[in-house]
Amino acid sequence: MAIKTGIVGAAGFAGIELVRLVLRHPDLDLTVVTSNELAGMPVAAEYPGFTGATGLAFSAHDDPSLDACELVFLAVPHTAALAMAPHLVAGGATVVDLSADFRLKDPAVYEQWYATPHTATDLLARAAFGLPELFRADLERAAQARTAGEPALVACAGCYPTATSLAAAPAIRAGLAATNGVVVADAISGVTGAGKKATARTHFCFADENLEAYGVGTHRHTPEIEQILGIARQGRLVFTPHLAPLNRGLLSTVNVPLAPNAPADAAAYVELYRDFYRDSAFVHVLDAGSMPKTSSVAGTNNAHVGLAVNAAARMLIAVCAIDNLGKGAAGQAMQCANIVCGLPERRGLDPVAVPV
Amino acid sequence: MAIKTGIVGAAGFAGIELVRLVLRHPDLDLTVVTSNELAGMPVAAEYPGFTGATGLAFSAHDDPSLDACELVFLAVPHTAALAMAPHLVAGGATVVDLSADFRLKDPAVYEQWYATPHTATDLLARAAFGLPELFRADLERAAQARTAGEPALVACAGCYPTATSLAAAPAIRAGLAATNGVVVADAISGVTGAGKKATARTHFCFADENLEAYGVGTHRHTPEIEQILGIARQGRLVFTPHLAPLNRGLLSTVNVPLAPNAPADAAAYVELYRDFYRDSAFVHVLDAGSMPKTSSVAGTNNAHVGLAVNAAARMLIAVCAIDNLGKGAAGQAMQCANIVCGLPERRGLDPVAVPV
Amino acid sequence: MAIKTGIVGAAGFAGIELVRLVLRHPDLDLTVVTSNELAGMPVAAEYPGFTGATGLAFSAHDDPSLDACELVFLAVPHTAALAMAPHLVAGGATVVDLSADFRLKDPAVYEQWYATPHTATDLLARAAFGLPELFRADLERAAQARTAGEPALVACAGCYPTATSLAAAPAIRAGLAATNGVVVADAISGVTGAGKKATARTHFCFADENLEAYGVGTHRHTPEIEQILGIARQGRLVFTPHLAPLNRGLLSTVNVPLAPNAPADAAAYVELYRDFYRDSAFVHVLDAGSMPKTSSVAGTNNAHVGLAVNAAARMLIAVCAIDNLGKGAAGQAMQCANIVCGLPERRGLDPVAVPV
Amino acid sequence: MAIKTGIVGAAGFAGIELVRLVLRHPDLDLTVVTSNELAGMPVAAEYPGFTGATGLAFSAHDDPSLDACELVFLAVPHTAALAMAPHLVAGGATVVDLSADFRLKDPAVYEQWYATPHTATDLLARAAFGLPELFRADLERAAQARTAGEPALVACAGCYPTATSLAAAPAIRAGLAATNGVVVADAISGVTGAGKKATARTHFCFADENLEAYGVGTHRHTPEIEQILGIARQGRLVFTPHLAPLNRGLLSTVNVPLAPNAPADAAAYVELYRDFYRDSAFVHVLDAGSMPKTSSVAGTNNAHVGLAVNAAARMLIAVCAIDNLGKGAAGQAMQCANIVCGLPERRGLDPVAVPV
């Protein structure tokens, strides 16, 4: 029987992509989609691509029918998820949170970067981290708990942390990164990453035909990457995000200084990474010499990883391409929901991007 | 049991979109994909989005395993389909042709516009026209023939003719167009419509940040539109295609002069069109006052139609948005194949575009 | 001695392009740039391309130093120009207005389309129409008046009217258009035409990879085109604007039904148009068979016109490409200012677009 | 009296931008533009933006009228410049070479990276390096030599080296970079950087909506950056270029590990850089906290530099935005030509980018 599903914050870019994914999922039944701003408006009025596909209309976040959902996705800004998750979990729903509210394990780090106290530290302690390829055990525990009747909360990884960590983690976990070196991650995102709000930054005429770095030294995904990679000690990461004129796509180029004993040829890393990701249906490690393109993964939950080594500089250059709204947001949330709900991990997720 | 399916010309833009659609189709089994130019190369090497999804490699057009296919899509240029279709049909395959070779019913018109003789006029006479919303009976006859063991050939409509005709046909068939007026269709296409060949026209730096008209007065889709709409009498159509900087999307703005007795308010046409398309799952007629966006249909087989009337000028302005590779090519071919093979018409086709 | 120049509404897209043009003009001295919203902010803070080139900051529209300007450009929305122009003209300034407030000669038509009364009909009667290639005498009269000490007001033509009229006027003025036919103009604009305000329409993620028609049947440039072309009689024009994903560029494809006596070959029109524009430095009529590209004129005040004839349909297809912020706004305003101020018409205007 | 000027390889993207710049330069007289491929074709036929602005047609590279030029720009691929420069210099022309042939001071390094012997090492030894902000003395020596009747050769810096070096050089020259650290430069270019040749990489449909890294570890600009920055010792630089969907623009994000004694606040570097570039008209150092946009410099010879420090990681993040065809190619070549010819450095170069 289909799982009653709700999406809170369904009118934003990650939220509406979730609407698309849930509607096509054979085991989920989308019963409520909320947006305080657009409450009352049909989904298809705001996003005309849904014309004929759903008669659902947005309701407000306090829609009581949310309480009847067994699965709730939260696609709201940070602090909003913090406010809603405890009630939903207490009501028995499995909650998959796309916000940053339950990602950082240390409430002090959360408070430092988000400038607001963490008001649900108990739940934080129990949250599974939603990046299945790196924290599968976390999610399987949540699945078992759910089976046992204990509601689960998944804190999905952010877009930059996902791509950056998929690129760097296998080498770092294998102990091949120099422990005294600095990991330099320069990442580029499409404009959907900047959100639905119409601003100067998201104005077509300012984003088009432009490249820029932003949030240099201050981007809130920095502590999240440090946590995932276990390099949270001060100064092990320099992360710089950039904006480029495309809708969907995120490319993270991660420069990992190699330990003295680490090999210095790309082939060794291709082998290592393929072994690391051998059970990960969504991550594809390209042949040595090949580099990923974001267009190859647009609209999907796939991640493509390319690897090169600068032997003289003892540097691994690991590049990961994802769709920031796919593996970087809604796709990953769906993958996590599948795992926690005991469904096949790929259910409802497109295996192949539109080719051109 | 799955239908053995082949795609000839699978490396071009329409062909590779067909590869994607056939791979995800539950009733089709893709056994051969051909490209003379890329014979021997894995599909995923040329289009890395297929990494992990198929191990198929391109073979040459003369691959004998084509003969074992029950369903063959031809996504080759005109004349190439003319050369291959007779043999395939004779061999018993159902052939869905995306080229122009079997679209024009009158061989003389074909020869005039394509400057080459038509060498398979018998087959031409039997070909079903692949635009289901306007020629459904044609396709159902083909389906019955196929059931009776007689191989079928479908000549899918071109991209501009599809959008232009879906916009204009309901009014014209209802006798509401002035019989002495000229239909003016100004259409805009994304660059995938210009094909995979790397040329000055398809170079990013010439296509980006540019708008232009092309093929003015000479575009080969002109006689096809005239045939579909039944306005082939000299001078009833002025068709001008334009190129704009996007990948997928085709918008046709069709100005239809109204007959003296025709109503002059948009609402009447919205009603008429909705009735006309009431059994067409893929065509959505928007409310009066709304106009379609190509982004609403990208990646799908959907068509959105918007209607307005200039009462003073006695002109219906009918606008249709499609994905030139979807309803304008591969999607429509799949829809036709579904019908002819007796499958549900929507099988394997995405109902909803990526929302942003 | 340089002419003291002010720009009101300098922070919008047309306004800031004027800032660029005035700064590079050898005979103008930019002394004041206003923006109520950004008053106090340096120009280079909002538009960093001006870093190092000007220390000017925006002031409010009521900046008294405007009164010291001999030349004032108004790049404000309609009604705002109506409110300011009388005072500025009375103060002795030459005013070049980019808004719609003084374009429509008949106040009743203005009131019908802009839903507000015209409160300066005296000034309206005296306004020169700013489309020099078609109304040069108007501007020369204004120049003579200015020399005689009488302040001048120029109402610059809008972007769509400029491109559409440059395409259609030579044929219509030569009496070659069928007087009972409907002119169909389908035009496409880049997103700068939608203005600086951040809205859903101008959001990168909604404008990118999308084509749409808008304002169908209701666009306020309709009566302006009718006035310019002298086809204001009800129903002689159907005008449909479209939006495409580029910054600058406007292409108008104008279908003009030909009179019985009119020639039906493109070459005749190329000759006619070249003669018509022989003294117009900014308009280039392309060879028969060539069609204009907006990228050829981006950043300039140039207009390229291409001509084709559909002999069977007795239709002239005249296509004009301009930069909507150049010949469609700021460039044309500067050209008008040059003429009215007695300067060479091309002064300060780039002759050549960036080639790629 | 105007300087007779020729451009060899004028049909490529850097070449045609030079045509634009030379045509608008008050002291240069463009007499010959060559292209072997397009010999005989008018410039305006290939690049219609020049319609009405020049009647010049391309001639072949062996056009004898090149010999009459006092100033020759070489915008040809490497090895082609090597073949032509000696003859032109011997004939007395001042040669400004945009290729890589005379950039690398050590012929062995040239031969290693370009896989071809250097056949003009005498001339190489005399070549001035064309990056005025960092090697002004070189160019002034060339200017003096030219005055003394000795022909000059300028080897203009490449696009990535220019942006990367402008970002990193002031810190490195001040001794603030850790001598045992690795400089990581991740740079992004628009598609004009990939050249005019129509290829899969430059096809609109593959470049649009895509991000990718390329030439990882193998890009030929690597040794050039090492030479400019004086960090040629093996392994001091990891350079990764990326491609993004825009025409013009290059952003280099350079991560410079700081020496123990170096300050760790951005303000200190802003001050240092402003002092360093105090006499450089084209380089603007932004306020601490601001980061450059490539759109701010498109079409110009300007470079914008933004600076941030990650104090914990002891890393300077220096970001430079240029137009790859401006300061990265044709603009810089013109700037060098101005210096060597004794003209004001900014002559003929636009001070301000199109603002939107």
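Chains: A, B, C and D, in written order; residue numbering restarts at 1 for each.
Keep in mind that, in the parts below, a contact is a pair of C-beta atoms (placed from the backbone, for glycine too) under 8 Å apart; a residue touches a chain by one contact, two chains touch by 3 or more.
This is a predicted model, so every value here is computed, not measured.
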Minimal step count in the chain contact network, chain A to chain C: 1
Far-end chain from chain C, centres as C-alpha averages: A
Between B-D and C-D, the pair with more C-beta contacts: C-D
Between chain D and chain A, distance of the C-alpha-averaged centres to the nearest whole Å: 39
CA centroid of chain C to CA centroid of chain D, Å: 37
Computed distance of Cα centres, chain D from chain B, in Å: 47
Residues of chain D engaged with two or more neighbouring chains: 13, 192, 196, 205, 208-209, 245-248, 292-293, 295, 298, 356
Chain D partner contacts - residues on chain C that touch it in the complex: 13, 16-17, 19-20, 23-24, 47-53, 192, 196, 209, 247-248, 281, 284, 286, 290, 292-293, 295-300, 302, 304, 325, 350-356
For the chain B and chain D complex, residues of the former touching the latter: 13, 191-192, 196, 198-200, 202-205, 207-209, 245-247
Residue ranges of chain C touching chain B (in the complex, touch as defined): 182, 184, 186, 188, 190, 205-206, 208-214, 216-217, 234-238, 240, 242, 244-251, 253, 255, 257, 291-295, 298, 306, 308-310, 312-315, 317, 319, 321, 356
